[in-house]
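Per-chain numbering from 1; labels A, B, C, D and E assigned in written order.
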Amino acid sequence: MNSLITRAKELLENKSVQVVIGYEAGPTSVARPAFITDPAKAGTLIYDERCVQNLAVYLTKPEVKHLGKMAIVATLPVMRSIMMLISEQQIFADSIVVLGISADGSLLDIADVKVMQGYIEKSDLGNPEKYKELLAELNKLSPEERFAFWQKELSKCIKCYACRQACPMCYCTRCTVEVNQPQWIPVQSNTHGNMEWHILRAMHLAGRCISCGECGRACPVGIPCHLLTMHLVDQVHNYFNVYAGTSEKMSSVLSTFEPNDKESFII
Amino acid sequence: MSDFEPKVVAFVCNWCTYAGADLTGTSRIKYASNVRIIRFPCTGRIDFMLLLKAFANGADGIIVSGCHPNDCHYTSGNFHAKRRWIMFKELMDFMGIDMNRITFSWVSAAEGAKWADVVNTTVTRIRELGPYVSYKELVNKSVEEEVKNE
Amino acid sequence: MSDNIYKPYLMEIENIVEETPDVRTFRLKFKNSDDAEKFSFKAGQFGEYSVFGEGESTFCVASSPTRKGYIECTFRKAGRVTNALANLEMGDTVGFRGPYGNTFPIEQWEGKNLLYIAGGIALPPMRCVIWNTIDLRDKYKDITIIYGARSVSDLVYKQELKEWEERPDIRLITTVDPGGQTPEWKGETGFVPMVLEKLAPSSENTVAILCGPPVMIKFTMPVLKKLGFQDKDIYTTLENRMKCGFGKCGRCNVGKVFVCKDGPVFSYEQILLLPEEF
Amino acid sequence: MARIGVFICHCGENISATVDCGKVAETIGKLKHVAYSTEYKYMCSDPGQTLIKEAIKEHKLTGVVVAACSPRMHEPTFRKACAEGGLNPFLCEMANLREHCSWVHEKNDLTTEKAIDIVRIQVEKVKLNSALQPIRVPVTKTAMVIGGGIAGIQSALDIANTGHKVIMIERSPSIGGHMSQLSETFPTLDCSQCILTPRMVEVAQHPNITLYTYAEVESVEGFIGNFKVKIRKKAKSLDEKTCTGCGLCTTKCPQKKIPNEFEQGMGMRPAIYIPFPQAVPNRPVIDREHCTYYIKGKCKICEIVCPTKAIRFDQPDEILELEIGAIVVATGFDIKHADFFPEYGYGKYKDIIDGLQFERLASASGPTTGAILRPSDGQVPKNIVFIACAGSRDPAKGIAYCSKICCMYTAKHAMLYKHKVHEGKAYVFYMDIRSGGKNYDEFVRRAIEEDHVNYIRGRVSTVFERDGKLIVKGVDTLLGAQPVEIVADMVVLATAGVANSGAEDLAQKLHVSYDAHKFFAEAHPKLKPIETNTAGIFLAGACQNPKDIPDSVSQASGAAVKVAGLFSQNELTREPLVAVVNRTAPPMYSTCVGCFMCQSVCPYQAIEREDFKNREGKIVKTVAKINEGLCQGCGTCVALCRSKSIDLYGYSNNQVYAEVVALLNEY
Amino acid sequence: METTRKSIRKQSLEKLYNLLSASRKVYAPVIAPDKQVEYKYNPDFAEVTFEHIRSTLSVKNVVFPKVENLFFYSNAKTESTITDIDLNKIPEIVLWGTHPCDNAAFDILRSIFSWDINDEFFSKRFEKLVVIGLSCHLSDEYCFCTSVGLTPNSAKGSDILLSRLQNGDYQAEILTEKGNGIVTLSPELFEPISGEEVTVTEVKQKFNHEQVTVKLASAFENRFWIENSLRCIGCGACAYVCPTCACFDIQDETKGKNGKRYRSWDSCGFGLFTLHTSGHNPRQVQSQRWRQRIMHKFSYMPERNESLGCVGCGRCSSGCPVDMNIAEQLEALQNI
């Protein structure tokens, strides 16, 4: 990934950015997010199949923003997250430099948001193949079986909120679960409360999820909670023919409407 | 289960369905007494979480009703609500939560008879489905979970 | 009583005083007379007050341990529990756990002058020790109270302020922020640090007890230092967020200290040793 | 301290016949915080209301629930009674025991149980009510009327006559609008200008009206009673105060070949021009696009000839900032020009014209001084064909609606033609004759019966030229779709009325919604046809949809009444049931994270941005803020807000949640 | 009590398990279909794993459940009544096959819950707990028990400690009276030791915890915390999987007139943990919370509770979605 290192170094050296958010190798076999502020340390940047975290989550983190202008190593989901964050006014397009990474792992030349938009539009925006099968399997089950499946999975939830924290779109400074007047979501972890939390999370991401799958990956107890938001990604596309994170000016599905939106269940 | 009286909660907007239900009253059209109405200014105000809370607190069925498309007192609240319910319904289906227990309808201020019909069909359907045992079990099981070490 | 350390006493609201539109003082009586007999506390300690169904909230006991048979607490409507408390009526039941925490070392203060400085809603945590020392009046030399609030209507304990004012053995100076006075206002107008500077009490054989919003503390401390007060002679009470009240839940942990166990009363000498996480 | 009083109404026997009111009162009386619970035969009666007022005092009530009929019926009554009893009126809620219970269920235990539930949820709700004060906003008593056509004129005059100031904005050099172009008007055939021009003059002379012609709206901010409007006064290149309107410049201008807009291109005008003789103000403007000086840098003949030296070539556009309390939008309409209809040969054949062009032909002040002469050779057409519904009611052309005025003006055109060309033959192709309105159908009948206009029911498929004549091919559906071919000298298309150019742009500046055809949208199709969904902005005339003169005038007067009603108060009082974005102590300022998705769901543009700055003046956070002057309290933003940072007074999260819980649990 | 060493055959282990399982609650590790190691009550012996490195969650829930009801209440019009929890109903639980790190954690939890005021909820559960530990013959890159004063076969916290022998049988160290009580259920299963060697994995020491504690005393203001917590996303995973983290929240939950007060796991890593109602937050940013986590375990607790707040199980690091590796950070802290 020499071109990435060269580019990062260059950006830091000519002070175009103060920090490059990328990946580095850790002491174990997994890769981790890295924050390079010193051009001399740009060499530690890596990009390979171990680099999985959605780095866009850091674009809204106060301590990271505090470092100054940011460059970010961005795969397709990260680029789409950036689009969403711009459209939801959390970051400014001109405040970040995107070091785009193509599907085959090479460095893209993303000069500006327009170019990024072009790249995104050319890409496959549906849920990743590896999840499609799982979604299809679940959809094949009877409602009762699905209910049982989710009960079993969600009984494991410990409410650590890693799913929320890992999601770049969950940038609220106060989450609904932290509201206690009224107490929308029980503080304790129990299957029913956990289910309410995951429904809330999925609904809040409806039309905003960009299918990175980080929520599920981050879950320490292995709940496939990304399938909930990804199911809604499919549904948003079915009903409204859109995918999130494709333009900096996009309105979310749930904050807009078309008078002729079709449904078949309202009598 | 003949002595089962379903608990049905209705979330309705003030300007159409609430007024429509008023008209049902002034027209003296009788309907099942199992329904309890909660008034909102607009369907756009109805938080999907409230529907979950209704089930969590023991409702067997839910009605959500507002102005017909294009009739919204606030011009677009019901359109936003419609999208919200589309997403909500799909998510509920995906999680296996029984959407037959929720009736979504548009009842205008002039549709007093329709309101009675919506309530009656919903209550009849919930009667056939019986109490929402699986959801109640989910809630109760959650209570047991906490004490399973005891 | 069971061994359940989380189980509160049941208390009946005996009296409610509406101090300001947002602030109430409750007088609470033990429902169970055995509890009342066994119960004792000291100035500076706090408790967990609860509305069953809403949760618990932490405030200092505001009444003096010298007044037996009841406890008082003063709170401002701010969150879920205090809002619910404010909705209660005389005769309603609340829960109380406590007393917790350490106390003002009033025995050590005997024979000294006492300078109380409080701002806004921080008078209640000090009221207990003020009354305690007033009730033991002959053990202390001069007692001076400086109390400031944003406006006249934000002053709490108006009845007692009057009482203190009328007592010849207490010096009370009340002040409101500029703009907060009313035409009838006879007290000072100005911020607490300035009033203190103007008054310039001697630090000789004097203990200062300081409690108020961070900005008041920030500007009052230099004045006290200028007047010659030593860190060890300045006391305050900290109000970290707490849940359990007995050093287990981890919430009020600041450095090696649990505010609920090692505090809430600290001298400035002790506070300077703490990391700034309060 | 919550002390709730509950009053159960029997409503004579309307409630008590099916609901055991005594049991309801007793059960509710046992609830926590219920300080008083009673029943009475008629709560809405004087003694009933007195009961409430006395109980408020006696029991120091902090909230009241009246369980009676629908709140849609008596909520104001009981809120007023509470206010009179010394309780904030917003601490009163109603439980609907009549319409939603006693009238719709049989008498049995279940019905009483339901009644108890209904009351209980209101008890739980009212505990969480806030004492609200009506929202008061000051009202700037100056109205702005956008558009100087008949609707604008009428509205401006009506408002001005109530004693309030009016600013009128017109983008063309003169007011008058389309009505000033018309020859005669249906159904009376009185001269359009004769009835209009006195009103135009009245506008110009009215002490309460300030007229800005050649001016456009630049931006609109603020809200009802408090708009801040910027208008751009385009440079007329003329000092209006010095100019006497003598018109010498217009006669000396060397550039004379500019199609005259007023004449619908059927005449020419110079570069410095007064649009028409009766124009108000009667002052010329220089059309910089066509003026030789502005194009080539020299000429200035007008400046040389002007006796008062009023020409100002370097005059810039001027931006005026105005404080406005209410806005009437009266920007009118336009018609689809005949080039929209290639199948009818427009452009190819000079003698195919549209309705407005025909108006100018028929007008005594028009290019032919009222003679019906065909454009190609100035001959009197002997056979003339009018095609109604040219474009209207034609989904294939993208216009599904009926333009409403064409049936009438086509009848009028045919009539005018017949009055002027007695021997001529007039044909009208039509789909349906829509002549609802006072004396309208009689008018059409007169055209057919007295003036012998040939009405042919059917559509024209094509028009083409043959031997110097226009061949109009269509079908007569009344004769079993028989093909008809008319050899005509002239064809007049009653083209569809469409939104005026710039309507969309203006709507966006005003934050008013508009429909798919760019017509301005009313707040409610039936009950608020004059209001827009932005409070304080009203509609008049054809900017809403094509309208005839009486409809436009009526609506204009209606809008004026709305404005006058608003201006009758020094302050605007509104029900305070509005949304609010929370505020917390710094450094958070609010739990709002500033995604502004609420902005896109708000139908009223009531959501604004608020910046918080640190001591150095740097913006540290931007969060949403509700403009309570604009918010109507629908709550869509509340349900959408992910961080629950928005709440709605009267239907707060805490309240609706408590209602759900209260409904389903044991107390 | 003096430790005795016995040998137990693999088949006997099954017998012992079945004997226990038939009469009481046995909490034993199994490998779930998604390959996560989780503890279940009374699984079939065939399901029980002896080959796991660490379970996803620790087993602290047997003494500190993620939710513990404190009491029930009922509100009438003005009166409220409290119904106590009957702590005597807490059943005996046999913890089966837990590793030495997890077993050592109970003593740390006890130091939190029993200092000063005794927390009966914890104590009663702890009293009813019997631990049949299992030495580690497997370990991975996340393990660092040797850095916090433990070993893969420390007996601390176990009533009986099993260690695998080279022949596949197990050595059983009977360490306490509780352990002895288990033996007496079926003494014949416990045979004299055979002299076989135990197989114990090797865990490399990564840092010296005493030195770390010394360093931390003056490291509060160090830039280390900000620089090394940039990638921390502030979830509570580390605290919730941790066998010694004991922070908790107290909440009420009511339906109608009845409700309960409970305590539930909480984490100092959450922004809301220390937030005052006034809006003031003593620990505003994640770096402060990360510092608190490490300081609490390696500086405050050694002084306050005379025990380290960490057993080196490595769960927080292996479970972290962004690879916050605690051992790596402590190693770095030792050298600042």
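Quick note on the criterion: contacts are C-beta pairs under 8 Å (C-beta built on N, C-alpha and C of every residue); 3 or more make two chains touch, one makes a residue touch a chain.
These figures come from a predicted structure and were not determined experimentally.
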Of all other chains, the one whose Cα centre sits farthest from subunit D: E
Pair sharing more residue contacts (C-beta pairs) when A-C is set against B-D: B-D
For subunit A paired with subunit D, centre-to-centre distance based on mean C-alpha positions, whole Å: 43
Centre-of-Cα separation between subunit D and subunit C, whole angstrom: 61
Distance from subunit B to subunit A - Cα centre to Cα centre, in angstrom: 33
Set of subunit E residues in contact with two or more other chains: 67, 75, 78, 249, 251, 255, 262, 278, 280
Contacts with 2+ other chains: residues of subunit B: 48, 57, 70, 76, 80, 84, 145-146
Sequence positions of subunit A contacting 2 or more other chains: 173, 176, 181, 183-184, 188, 190, 254-256
Partner subunit E, residues of subunit D touching it in the complex: 30-32, 34, 584-588, 661, 665-667
In the complex, subunit A residues that touch subunit B: 138-139, 141-151, 155, 176, 184, 188, 190-193, 195-196, 199-200, 202-203, 206-207, 228, 231-232, 235-236, 239-240, 253-259, 261, 263, 265-267
Footprint of subunit E on subunit C - complex, ascending: 2-8, 10, 50, 52-56, 78-79, 82, 89, 91-95, 214, 239-241, 243-244, 246-251, 253-256, 261, 275-278
Sites on subunit E touched by subunit D in the complex: 75-78, 255-258, 278-280, 284
List of subunit B residues in touch with subunit A within their complex: 48-49, 52, 56, 69-70, 76, 79-80, 82-99, 103-106, 118, 134, 138-139, 141-143, 145-146
